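Below, chain A partners chain B and then partners chain C, in two separate complexes.
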Partner chain A sequence: MKASVSYRLFNGLNITFLSLLSLICILPLVHVLALSFSNNSSAAAGLVKLWPVGFTTDAYRFILSKPAFLDSIVVTLQRVGLGTVVNLLLTLLVAYPLSKESSDFRFRTLYAWIFVFTILFNGGLIPWYMTIKWTGIMDTIWALILPGAVPVFNIILLLNFFRGLPKELDESASIDGGGHWTILWKIYVPLSTPALATITLFTIVWHWNSWFDGLILMKVPEHFPLSTYMQTILVHIDLTSMSGKDFEVLKDVSDRTAKASQIFLGALPIILAYPFLQRYFVKGIVLGSVKG
Partner chain B sequence: MSKKTIRQLPLHFMLLPGLLLVLIYSYVPFFGLSLAFVKFLPGRPFTENPWVGFEHFRYVWEMPNSLRVLGNTFYIAFFKIVVGQIVPIIVALLLNELRKNWLKRGVQTLIYLPHFLSWIILGGILIDILSPSQGIVNQLLGMLGIKPIYFLGDNNWFPFTIIVTDVWKEFGFNTVVYLAALTSINPALYEAALIDGANRWKQTLHITLPGMLPIIVLLATLSLGNVLNAGFDQIFNLYSPSVYQTGDIIDTLVYRTGLEQAQYSVATAIGLFKSVVSFFMVSLSYFLAYRLANYRIF
Partner chain C sequence: MKKTKIMSLGLASAIMLVSVLTGCSSKNDGNAKPNENASPAANSEAPTANEPANEPANASTPPADPLGKYDPPITVSVIRPYDENVKFVEGESATDNLWTRKYEEGLGIKVNYDWTLQAPIDQYYQKLNVAIASNDLADIMVVSSGQLKQLAEAGQIADLTDVYQNYASDFTKKIFTDDGGLALNSATFGGKLLGLPRLGSDIDEVPLLWIRKDWLKKLNLPDPKTMADVDKIAEAFATQDPDGNGKADTSGLGLSKDLNGGFPGFEGYLNGYHAYYNTWLKDASGQLVNSNIQPEMKTALAALQKLYANKAIDKEFGTKDGGKAAEAVTNGKLGMYYGAMWTPIWPIQDGRNLDKTMEWEPFALPSADGQPTKGQVPFDVPSNQYYVVKKNAEHPEAALKMMNFYYDSNYIKGEKADTAKYDGIETFKYVILAGAPTTENLDVYKKAKTLFEANDVESMKNAKEGQLPIVAKYLEGDEKSWGYYKVFGPDGSYKVIEQMLNQNLFMRSEYFGPPTPTMGEKSSTLDTLLKETFTKIIMGAASIDEFDKFVENWKQLGGDQITKEVNEWAASR
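The block that comes next holds the complex of A and B.
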C-alpha cells in the first residue's frame, strides 16, 4: 500500500505522542530511583534528573538497617502467604458450587445472591470496624486476612470460567463414581490453571498493596505491614503552613533520598512480577469477557 | 432424603466456610448501621442504646461543610469517570494505528505499569515530584518561566491534580481492555472496506469505533456505580487540611469523624447515606449494562 503524505505525517505524530505518553508513565519512577542513589546535596540542589548524581547507596543502607522497615516486611510476607492461600481456597470452594445450574444445585441462586449482594451494598467503614473489633481479631494477622477472605469479584471470574468447561466432564466423572470433591480437585482445578494463575497474581498484588486495614486494625506499629508502614512515613507531611521557604526549612533533604529508596523498594516486587502480571492480565480480561 | 439431595450435600459443605465469613464480615455490619439512629455510649450493651431517630442525619445536614463535601465528591468522581473513559478510547485507537508490533507492545507495557502500584507508592512519588520547592515538575515549569505551583496545597489546583493523576494511573488499564475488544473485530470487514476505497480514517470511523461500542457502553454504564467514589486511597494520601475546601470527600470525612474524632454515630450516618445512594447507582448500572450490553454478573 502506498502511504500518502498526510498518513505518513499522522503516523509520525502518532508515534511521537504515544512515546511521550509512555515516558510520562515511567519517568516519575525513574526519577525517584535516580534520587534514591544520589547524595543529599545533589538531591537538595535539584541536580538529579533521570540519572543518579553523586552515586551513593547510603539511603538503602540506612533503610535496610531500620528494624521497623524489616519488621514490616516480615508482616507483609506473612500476610501475602497466608492471605493468598485462604483467598484462593475460598474462591475455589465458593465458585465451584455456584457454577452449577439451578437444576443440579437447588439453592444455587439463593447462595449466589447472598454473595453478590455484598458488592451492591455495604455497611460502611464504622460498622465494619466495629464488627472486626467484636470478633476479637484486632491487632492480629487475621485482621488483615479474614475480613477480605471472600473475594466476590474473583469468585465471579472463576465461576464464569468453570461454566465454560465442557459439561460432559462432570457427567462422565459422576458415572465413574466421582463425587463433587473429586470433580473439583481432579478435573476443575487442573483445567483452570490459567484462571487460577491470574487470580493468584492479583491476590498477591492486592495483599502487597493493602495498607488501610493495617492502619486502623493494628494497634502497634510493629504489626504494620510494609504498605501501612510506608504510608505512615511517606505521605505524612504537614502542608498547612506550606510556603516555599517553610517547606525548605521543614524538609530534611536526607529524608528525601531515604523516602525515595523506600518507594523504590516497595515497588520493586511489583516491578519484578510485572512481566507475569502483564501476561496474565490480558488473559484475565479475556476470561472475564467469556460469559455464559 | 432423596438421592439428589444427598448428592448435593458436598456443595453445601463447600460453601459453608465462605458463607460464614461473608455473614460475619459483610452482613453483621448491617446491624452496626443502627449506630446511625441511636445515642451510642461505649461500654453500654449495644441493644440498650436509646433511639434518637434521624437526629444524627439532621446534625450532618446542618454541618457547614457537608454540602461542600458532597459537591467535592461528586465533582471529582464525575470528572474521573468522564476523562477516565475518553482518554483510553483515544489511546486505544491511536495504538491500533501503530504498524510496528514491538512499539505497540512497548507502549502498552509502560502505560499500565502505574495501575499495579498502590497509592502509597504513587503518593510518595507525586509528593516528591510535585513539591513546589524541590519537585522536578516545578523545576521544569520554572525553566519555562512559570512560577512554582502548589499542586497538592492549593485549593484551586488540588481537584485538577487528583483527577489528572488518577487518569494517569488508570488509563493504561482501560486501554488494554479496549485493545482486547479490538482484536475481536473481524479482519474481513477491513478488507471489504479497503476494496470499497475507504481510507484509514473512514475505517476507524465505520469499523473500529462501532466494534468498540459495546465495550464502551458496558464500561460507561458500570462506572455509574462510582459517582460517589472519588477515591479514598488516593485523596487520603495526598490531601492536607489546607485543601479540605475542595479536596475533602465523603470517605475522608467519614474516616476523620469516625476514627479520629470517635463520633461513631455521625460517621455511620454519613456512611449510610453513601451506601444507600451507591446501592441505587450500582443496581441501576448493572440493570442498564444488562439491558444495553447484555451483561450479566454471573
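The block that comes next holds the complex of A and C.
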C-alpha cells in the first residue's frame, strides 16, 4: 500500500506536468483560432484571448476569395506530392546499396562519406543560387524539389534500418533467384513500412514548411508555395522608417484576423495528417523486423 | 555522390558560364550600335567628358527627347518590389497591368520583369542581395541605399550623369533640385550619378505630439505649451484615472522598445529639449557633430527617466514593439504619444472603431525653454530607395524616360485611370520609377481645406487625389474614414505640419552624402549600444551618469572615425 501512495503521487504529478506541457503547445493555436473568428478592432486592441470577441467569419470569407492564397495552396500541394515521391524514391535507391557490406559493394564507405560530406559542408547561398540558375529550373516547381531531392539524413536513418534486417532474408531470396531489385522491392520495402512512414512524414512536413527557397527562386508571387506566401504577409511592418505614401499600407496593418485565419488554414492539413502518421512513430524507426 | 557530382558540375559550369558571358558582353559592348550614347560614359574614367554639347556631334544619336517614343519598341528587364497591399484587378497581375501597358503605348518600352516580390521590403532586399552577389541583374532595379553603395563599389551599375543631363524632363529636374540637390547628392559617388533616388517627402516624417483631448478636458488640464506641461499631463493621465474605471491601468506617454519611429517615437520628446536622435548638427565652430552624444540628450533622457519613475510610461515598454504598444491606444489605456502624421489611420482608427468618444488631437512640439522646438526629419532619402541601371544596359536612358513619363502623366497631365475598372485600386503603386514632390501630401491638405471651407463635398468626392474621396466619406458620416479625415482634414496632422513649415521648424541633417565606410561597418553596433544604454537609463536600471560613459564608448567604437569622415565630406563640398 505504501508503494501505491508514492505511485499515485508520481502519477498525479506526471499527469499534471504533461498536461501543462501540452497546454503550452495548444494554447497559442487556440488563440490564433479565436483571433481568426473575432472582429478586427477587438483583435487590434488585444482583447481576444482564447475565445472569439465579436464572432464573425469575415476573415475566412476574405481569404477564400483571395486568388493568391488558393494559388499558393496549389503550388504547395504539387510540391508536397512530387517532392515526397522523388525524395522517397531516391532515399530508397541510395539507402539500399549503402546498407550492404563493403565485401558486397566495394566502394561503399567512400560513397557513404561523400554523402555525409554534403551534410557537413555546402557551397553556401550564392553558389546554390547560381547552380540552380544555370541548370535552368528557376521559377519552376523543380527548383523547389530537385535541390533537396536527396535527403542524406533520411538516407542514414533508412540505411541503419536496412542494416537491422536479418541477412538471412537476403540470402534466401538470392538462393531463390531474386536479384537486388526483387530484394529491395519485395523484401526490404514491405518490412520497413514504419521507417518509410516516418520518413514520409518528415519529408511532407519539410516540404510544407520550407519557405526560403520559394522566396529566392520563384520570380512571380503566383509561383510561391504556401509557406513563402505566408512569410510575405505575416512579417511585421517596420514602424521606425515609414514615409510618403507608405501610410497607405496602414489600413491593413491591423488585419490580424485575416492573418490569423491564414495561419490556421495553412497549418490545418498538417495538423490533420499528423495523428494518422503519428502511430508509426510509436513503432519507431529503430525497431527491427524480426520479433520475439 | 549524385548530389555532389551535380553540384560540382553545376559549379564548374556556372563559373565557366560567368566568365564566358562577361567576356561576351564586353565584346558586344565594343561592337555596340552607335546610338547607345551612354554606354561609353559608363566605362569612361573622366565622368564629365561627355557633356551635352557633344551630343549633336554624333550623327546617329537620337535627339534627347525626355518623352520620346521608341520605334521600334525596346524591351527592358526590371526587378522591383510591390508592397504587400497592392491589389490587381481581374485579368491583370504584377507583371502585366495598367502601367506596363502605359509604358508600352506611351514610350514604346516593353517591360519584362525578371522577377518581382510582393512582400515586406526587407525580404525583397534579401532576395536582391542574392541576385546581386550572383550578378544576376536586370536593366532597371530598385535597390536600397546600402545596395546602391555595394553596387557602386563593385562597378556593377551604369553612370547616369550624362543620361540625367540629357534626358531628365524639366519637371524631373525641378523636383530633384527642389530639395537643394540633397537626394541626388546621396546617389553621387566620386562625381558620378549612379542611381536615381526615389523622392519622397521628409516633412511627412516629422514627429507630432498626439494627445487624448477628451482626457485633457476631463481632468481640466490645459493644452501643452512647454515640456513641463507635457510631463504634468503624462503624470496626470497615469495617476488620475482618466478612463474612470477606478483602476490605475492607464499610462501617460507611449514608448516602444525601438525607442525611435513613427509610432510611438521618442524623437519628438527629445526635440523639445533641442536634442535629436541620430542626426548630424553643426557646432559653434562649424564642425559637424553627432546629435546622439550632445549634452542636450542627457537632459532629455533624465526627464524621461523621471517620467518612468513617476509611472507615466508603461513599465514594460522595453519588451513591446510598436504593434504591441498600439494595443494600448486601441483599448483606451494610453493618453499621449509622439508619432508621425499617419497615426490616426493606424492605430487610432482601430480604437475609434471600438470607442467613438476617443478624441485625439495633434499638437506642435512643445519646448523646454522659450526657444521654438524644431522637429527632426530623417537623414536619408525618405524612401531609402534608389533606381539603378545595370552597367552595359542597352538603353540606360529608358529609366529616365520612364521617370519623366510618370511625373508627366501624374503631375502635369493629372491623368485619371479608367475609374470604373480601377475603382478603389491604387494604380500608382504599379509604377516602376516613381517619386513624389516634397509637399505632395501637404498640397492635398490645402486642397481639402479649401474645399471644406467652401463646403464643396461633391468636388472632394471627385478629386483626383485619392485621399480626398475618403475624407469626403467621413464628412458624410462614415466613421471608418475618420483616420484620413484626421490626417488631411482641416484640423488634422497637416494643419500642424503647415504651421511648422511656415515657421521653418524642421531640423535636417547637416550630412547627406552616401554612408561613409565606417558608418557601413559600425553604425549597427553603435545603434545597439545607444538603444541598450538609453533604455537602461530611462528604466532607471542605470543612473543618468551612464550617459557620459556611453559617449566615451561611442567615440571609441568608431564614432570618432565616422565624425572624421563626415567632416572630410563636408570639407570636400
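Side notes on the structure shown:
Simple rule for what comes next: the second predicted complex is superposed on the first by the 238 of 292 C-alpha atoms of A that agree within 3 Å, B and C clash if a C-alpha of one lies under 4 Å from a C-alpha of the other, contacts with A are read in each partner's own complex, and residues count from 1 in each chain.
Note that in this section contacts are C-beta pairs under 8 Å (C-beta built on N, C-alpha and C of every residue); 3 or more make two chains touch, one makes a residue touch a chain.
Here the structure is a predicted model, which means the values were calculated and not measured.
Of the two partner chains placed around the shared chain by superposition, neither chain B nor chain C is touched by A:62. Residue by residue along chain A, chain B and chain C are tallied for touches, and B comes out ahead.
In the superposed pair of complexes, A:42 makes contact with chain C only, with no contact to chain B. Look at A:131: by the touch rule set out above, it reaches both chain B and chain C. In the superposed pair of complexes, A:219 makes contact with chain C only, with no contact to chain B.
Contacts of A:262 after superposition: chain B is touched, whereas chain C is not reached.
Of the two partner chains placed by the overlay, chain B and chain C both lie in contact with A:123. Common to the chain B and chain C interfaces on chain A are residues 44, 46, 90, 94, 111, 114-115, 118, 123, 125-127, 129-132, 134-135, 149-150, 216, 231, 235, 237-240, 242, 244, 247-248, 251. For chain A in complex with chain B, the residues that touch the partner chain are 7, 10-11, 14-15, 17-19, 21-26, 28-29, 31-32, 35, 43-44, 46, 49, 90, 93-94, 96-98, 100, 104-107, 111-112, 114-116, 118-132, 134-135, 146-150, 156, 159-160, 179-181, 184, 205, 208-212, 216, 227, 230-231, 234-235, 237-240, 242, 244, 247-248, 251, 256, 259-260, 262-263, 266-267, 270-271, 274, 277-278, 281-282, 285-286, 289, 291. The part of chain A that touches chain C in the complex is made up of residues 40-42, 44-47, 90, 94, 111, 114-115, 117-118, 123, 125-127, 129-135, 139, 149-150, 152, 215-216, 218-222, 231-233, 235-254.
Against chain A, the residues of chain B that register as touching in their complex are 5, 7-8, 10-12, 14-15, 17-19, 21-33, 35, 91, 94-95, 97-99, 103, 106-107, 109-114, 116-118, 120-121, 123-129, 131-134, 136, 139, 148, 150, 152-153, 168, 172, 176-177, 180, 199-200, 232-233, 236-238, 240-243, 251, 254-255, 258-259, 264, 267-268, 271-272, 274-275, 278-279, 282-283, 286, 295-298. Of all residues in chain C, those touching chain A in their complex are 1-4, 6-7, 10-11, 13-14, 17-18, 83-85, 93-95, 113-120, 122-123, 126-127, 130-131, 133-134, 136, 200-202, 204-205, 256, 258, 260-263, 265, 321-324, 326-327, 330-331, 340-342, 345-347, 349-351, 353-354, 378, 382-384, 426, 428-429, 436, 440-441, 487.
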